Every structure is written in structure tokens, then in C-alpha cells.
């Protein structure tokens, strides 16, 4: 009996060994470029560290990662990412790439700003790109902050919203109250007032701390409440929370004819296709393009420290191009152009 | 003379439920006063509260059935999350919401059975079993998440004849989809079953005094396994509702602690289905109020203070008004024949 | 069994001796077996992703344990986990389920940060203990609310601690966004603590880790060797016996929550002084809830929180390298943990191996009822 049980113990151990040693042949399926020799000058290695989030988050982490992949494809380089789970690991996650002599390290999110500055100072030979990280102080030559005038995209979206609203009531369903979101929201309100001073803008941020960007149910509930109160154009800005709002509006009666929604960050016609029935446009910040451009600049040596302003603007109207009055479209286009050349100011500043 | 016995029955009912009746009347009067002052705000805020409550009530009932029969279930969060996961992905891959609903609800059943099996049959510590369910659920649904899937259909909405014409209550409760109606039916049925049926008596007995129930011929272990498994159906329904109707998507960890809020609601509701419903609506209304205060900018207080309103109100009500509530006596203790 | 020949008796007597040792140390053997099984299941999952499990585990452990930076990270992660694990374990002793370690940890972290950037004229040997004391007091205060509500108003601790977590977070977010915010900062965070308040590092060993070990030792001693510990245990095991023995139930409940909150608060203080060096929104997420896992893995034993926290810390610390080297998502370590927790707590393993000699597990969480 005892021998049997000891044997059982041994069996568990063998099972473990067997499971560990069952080396699948699939491990040889890695694609051609690798990071085995990033130190060599001709090999371009791009590392990306996410904010506490995943690279498939339909939001800024995903956009940045797509930018890195696009750059790697174009330049024949290699891109890899690490998804941060704990904010305290920002530095050690960057260190993984530093230890392997990566050429470019992209860090995503303004929360990582400080850790990125430290890493950039300690590793002057590596180019750092900080998405959403303000480097207007600009003291680190090998660190470029990719920042966006979110208020401009919000302004244009707000202007359009006020023009297509029939009730004169606009709503915003937002994620956490943090600077990039605030800039979108304040810009939206300013743009709406510029189009029609009588317009009412209802602004609601996600009320619970912590998961403010990952609560599609709350986003949907809040959007439904706003629709019930006579609001007919809603700006959903806040990751999955905002996406929840867009999906809910798309389901509502009158979606696309009397009720509209506006997306954020990317062209959400593609990222949240369920929202197409109501989605007139999206207030975009072109993170993907900005990251790709900066990596290319890093590769040819033309990159500079300090801030790099990425592009913002409105996404294509897609099917709504035929719904929105041509006159309105022209006015919005003029606003976008004016914002770009500086003749129109949003007047938004975060205290 | 025919009407008299009926009249007596109604009076008896009110005598037996005097407190509940008075409270309900106060709430109703308050709600309709609000409705006549501001019809739009009252309706939309109540609708917000009800939408918010649906998964919470279902989840709280999952816990309620378990605890009434003597088994703590703190794995509701994980049960909801896995159900939402399978519900959404089956619906997305097959293109059929019905298939998704079945998948979600059945996943709930399977998760319920898992808890029942390890906690009742194997007598594993019930709270640990729940914690394990939560961690496994978070890990699995995150690990096997597939990006880029969408629902191609949407849950139909329909109006219940007559009932949906009642001002305020009608549009809120009787002009929604399947899940909202199902929740109302489930609350009423469970309330009836728990206090008026043989199953209810046996369930309560095995939660309060399993030894006595056993002596009286109830197979406590079998009953607990059946109840905890079936309760999983409700968590499954909550998960399916979140993924297929409320949010229309699945995201990693998007249940966001609703399973734990449901535990609070279950205790707030003192282990009674109707009171749990009331507690969930209260919590939902406080949340609606928080966002409405933000929207209307009526008071100039920092947003953070408005946001803690629901929790603070709940705590204050419990501390000063509700007084002591008592859980079923044998909750948490594994039962095996002859260990009495 | 009755008719065995000489040779068999000989070999089985050696076997018996080995077996006796195995049985004697089954509280160690069972978790080890559980770990082995969990890692085997993990290996299967990893191979399904087309990665060699051997490579995967190697990079996980190499990164967590075989470099000074990795070790430092691992110990830093283990430190608050030990303390929140202890916080939950102490409450378990009295039959209370403290889901509120998270809120208590946050209040402690903020209070110590405040002390750290306010009393900047104090020298380090005074400021560090003062800041930790502030953390402990704040955590204890926050924990005591749940204790008082439980003892005097009959509010169930599960509901009150869930609510108190939200309330703590809301109040703290307000404080770090307005009155206590670092001047000229858009982020919600406090100023940095004074340099002399930062906990020193001994090579790769953070000094906070020693504080956590000492806390575990003190709690172990308190629970087993003091009258207070006896009171806690008696109330947790049998309330009626406790009343009969003249133990004041309400005092004990409040006191245990004060202890529990203070431990979580110290955990927060060490995070602030040793790792974050300020209070910043989002930097202390989830540690309090991990405390529940730790306490359960340790089966409520204060000493057990140390290996349990180390296990969790190693897995979390190595997860990034695992993803870097193999592309496996970091969530896989949570699966490993969950399976381990399941197997450790399932009596079935011990019963299958040791049969009637299996130690019967007490329910660590006896006190849901009332």
C-alpha cells in the first residue's frame, strides 16, 4: 500500500517532467526577423511597453502597437511588446528591451512619463518615444513625446455635433477624468458653443475609480439615460466605456436619422463596427501614424527630443457623407483647417 | 357576501406584511411625486437604476439561493464573467443570440455545479472555492480572449400589453428586452417558492438547521448540490445579459466587481428576494443620481464625493435604519451525515 | 497483508519510515504536489500556444530569482502581500472576512506619504518610523470602522468593507487631486516623500521585506502565545465558549479589525516609503485583494503567508520576461495560482494520498454566519 502511494507521488513528478519536456516542434515557427542580434547596426528592433492594458484594447495601446508593427514592416525591423500588469513594473519592463539592445522603445500612456524620462536619461543610445507624454520641458535629447491637441479634435467634433443636433442638447459619455479625456471633453464643449451658443452640453465622467475605461455597461446605461433626456448627439470618449455608449446609441430608435454618435481616438467605424448605424465620425488622434513616423525618423536619425505633435482631426463620414448637409460639411472642414493653421483657437487649457 | 373572504385575505396579507407595505407605499409616493415634478428625469433615472440592477439582482439571487441552503458563494463574479465570456463568443462565432444565451446560461449552471461539487461534495472551504472560481475565471477569460469579435444581432425589445402603459413604471420595467422581464418573474417566483413551497421549506431548513432537516428526511447534500448548481443558472443569466444586451460585447474583467456588489445587495436585502430587488434598485438609483448630479452641475462639489454617494448611503442605511440582519445559521459550514 | 515474507517486511519497513516522514510533513507535501500539478497543467497550456514549457518556466524563474534586479522586484512584490495576507488571516482567526484590506492599505499608503512629505525636517531614523506609524494608524482607523459597525450596529463586515473600499478610494482620489496634490502637476498624486524617508535597500534586499517578516513573526507569536491571541482564536472557533469564558465579544471584534487594518496600513506605508516614494493613483491596485489569496494559500497561518506571498511574487515578477521571451500572456500566472489554490484547498489531495492519516483541514473561514 505504502509503496503504491510513494509510487503515486513519483508518478506525479514524472508527469510534471514529461509535461515540461514535451517540447513541441511548433517552437520553430517564429517569423524571420528576430531580436537575437539587436546590437548590430543594421538590425532595427522596436520594443513597446503598454500602460496597464492589453495591445488589443481597441484604444491607444492597440493604436501605438499597430504603429510599431507598421514601422517594422516598412523598415524590415522587428517589433515586440510587453503588457504591463502592475504600474510599478514600468521601469523593469522597459529594462527587458534595454538589456537586449533594442534601438527604439515606445512607451504608451501619460502615466509612464516619469519612468520613461528616467530610462531615457540612463540609456542615451536608445531612442525613446513616449505616447501621450508631454515633453515640452524637452531636456532629454533621446526622448520624444508624441502628444496630440485632443482639444482640437474635440472642438471639431463638438462643432459638427451642434450643427446636426435638432434638440440643441449634446451629451458626452467619458472615461476617467484624466488630462487627455478632459482635453477632448472641453474641446467638444467649446466647439459646440462656437457653432451654437444656445446649445446645452451634458458631460458625465465614469463615476467609479479604477475601471473607468473598461465599463461598457455603465457607458450604455448612461448613454440611454442621456437619450431619454432629449439629447440627440453623444460623444463617447473613454475606451471600452465610451464604446459601450456608442453600441447603445446604435441600437436606439432613430439611430442615424434623428440620433447620432461620435467616436474617439481611432476611426471607430472600423474599430467598433456595431456603432455604424449612428456613427457620423470620430474625433481622431492618429497615434498609429505618429508612432510610425517617429520610428522612421528614429531610424534615419532625424528624430529630435522634446514634443512631437501628432495629427488630430475628424474621421471620414463614411455612409453619413450623404446624410449631413454639404453646407455643414464645408463649415466643419473650414473649422478643421482653421484649427490646423492656428487661426481658430479652442481656448482649452487644463488648470 | 361573496366578497368578504376575499377582503379578509387582502387584509391578512397587509397585516402580515405591514412594514413592507408601508415602505413600498412611501417609495411609490416619492417616485410618483418626482414623476409629476420632472417626468423625464424620473423616468430616465429609474430606467438607469433598473438596467443597472438587472445583473445585480440576478447575481444576488444566485448568492441568496446558495446561502439559504447553507452554501456561501463569493464566486458569483467569476461565474458571471465566464458566462458572459462563453455567451458572447458563442453568439459572435455562431451569429445567433439564442445560441449565445444558452451557452452563457449553461456555463453558469456548470460553474454552479463546480462550486457545489467542491464545496458540498468534497467539503472544500466554501469561501476558498469562491475565491478560486474568481481567479480562474479572470485568468481563463483573459487568456483565451479573442479580439475583434462582434455581435451581428441585437436583443429585441417589446412592450408588455397594458402594463407598459402605466406611467413611470410601465416604460421602465415593461418596455424592455427579455432579460428585464425574466428578472422580475424570477424574483417573484423565487420569493413564492422560498416561502410557500416544500422546496423552499427544505432549502431554508438545510440552511438553518441541516441536522434537523436530515432527521426529517431531507437529503441535505443532494439539495445543496442541486440548489447551488441551479443558482448558477441565474449568475449565467446575469453574465449573458451583460454581454448580449447591456454592453453588447465582452471585455476582459468588465464585470468590474459587480459580483461583490451583489453580495452586498444580498446582505442589504437580508436574504429576501424582494428586498434584494429593492436594495439593488436603491443602489442603482444612487448611481443614477451620482451621474445626474454630474450632468446637471447642480452642486459644485468635487466629482469624487458624488461618486462615493451610493456606497455611503448604503452604509448609513445599514448602520442607522436597517439594524441587525441575520444570515442563515448554517451558512459556510460543510455538512456531512453524522458529523452533527 | 497478514502473510508477508521476510524480504517484503524489510523493504516495507524502510518504506514505512520514509512514508512516516512524508505523512508528518504533509502540510508541506500537499502544497508542493499542488504546485507540481498546477505547473504541469500550465505546461500543457503553454505547449498549446506552441511554446516549449521548459523554456517558458526557465525564463519565468530566471527573471524572478536569478538576477539582483529580479530578486529585488520579487521581494518588493512579496512585502505588501505578506502584510495584507496577515491582515486577512488575523480577521479569519476571529471569524471575520475582511475584504477591506484594499481600502485599509490605501489609507495607510496615503497617510505615510503625507507624513513623508510633511515632516521633512525630521531625520531618517525618526521619520521612517513616524511615517510607518501614520500608515498603521490610518489603516487601523479605517479597519476599525468596519469593526465598530459590526460590533455595535450589526452591519456585516463583508458589505461594510466592500463599501469602505469604494469610499476610501473616492476620498483619497479627492485628496490627491486637490488639497494634497503635487503643485503644478496634472496627475493625481502627492509630492514625493523626503529622501531620508525612503526605505534603504540592502543589496537586492529591500528593508521593507524584513519589516514584513518581523510582522509575520509578531502576529504568529501574538496569536499563539498571548491572551489576546487566545481571545481571538476562541471567538473565532466558538462564540458561545468565548462568552462563557468571559471574553468581551464586541471588544474582540473591534480589536481584531484594528489589528487587521493596521497590518494592511503598514503594507501600504512600506509600499509608499520603499517603492512608490509618494502616493500615486493606480499604483496600489489589487494588493489588498491579493491578500485574500495569500491568506487562503497560507490557510490562515501567519508563517504561511511568507511562502505564499513569495510564490505569488515570483510568478508576477517573472511574468513580463515570460511574455518577452515567449509571447505567452502574463495572465497565465494567474491561472497557475488559481489551480494551485484550488488544489491546496481541496481536501481530496491529502485524502487521496494519506487516506485516514490526512490532517483534517479546519475551515479557515468559519465566520460567515453572523
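Lettered A, B and C in written order, each chain numbered from 1.
To be clear about the criterion, a contact is a pair of C-beta atoms (placed from the backbone, for glycine too) under 8 Å apart; a residue touches a chain by one contact, two chains touch by 3 or more.
What you see is a predicted model; the values in this text were computed from it and never measured.
Greatest centre-to-centre distance from subunit B is found for A, with centres as Cα means. By number of C-beta pairs in contact, chains B-C lead all other pairings. Here the spacing of subunit A and subunit B, counted between their Cα centres, is 35 Å.
With centres taken as mean Cα positions, subunit C sits 31 Å from subunit B.
Counting only residues that touch two or more partner chains, subunit A has 208-209. The residues of subunit C that reach two or more other chains are 166, 170, 173, 329, listed in rising order.
Contact of a single residue of subunit B with at least two other chains is seen at positions 304, 307.
Residues 72, 118, 122-129, 131-132, 135-136, 138-140, 142-143, 260-261, 263-264, 267-268, 302, 304-305, 307-308, 310-312, 314-315, 318-320, 323-334 of subunit B are the ones touching subunit C in the complex. Of all residues in subunit C, only 11-12, 15-16, 18-19, 22, 33, 36-37, 39-40, 43-44, 47, 50-55, 57, 69, 73, 76-77, 166, 169-170, 173, 186-187, 275-276, 280-283, 285, 316, 319-321, 323-324, 329-330, 353-354 touch subunit A in the complex they form.
For subunit B in complex with subunit A, the touching residues are 40-41, 43-45, 47-48, 51-52, 55, 145, 147-148, 150-151, 154, 242, 246-249, 251-254, 256-257, 287-288, 290-292, 294-296, 303-304, 306-307. The touching residues of subunit A, counted against subunit B in their complex, run 54, 56, 58, 171, 177, 202-205, 207-209, 211, 214-222, 224-226, 228-230, 240, 243-244, 247-248, 251, 273-274. If you check the complex, the residues on subunit A that touch subunit C are 2-3, 5-6, 8-9, 12-13, 15-16, 19-24, 26-27, 29, 52, 80, 82-89, 92-93, 95-97, 110-111, 179, 208-210, 350.
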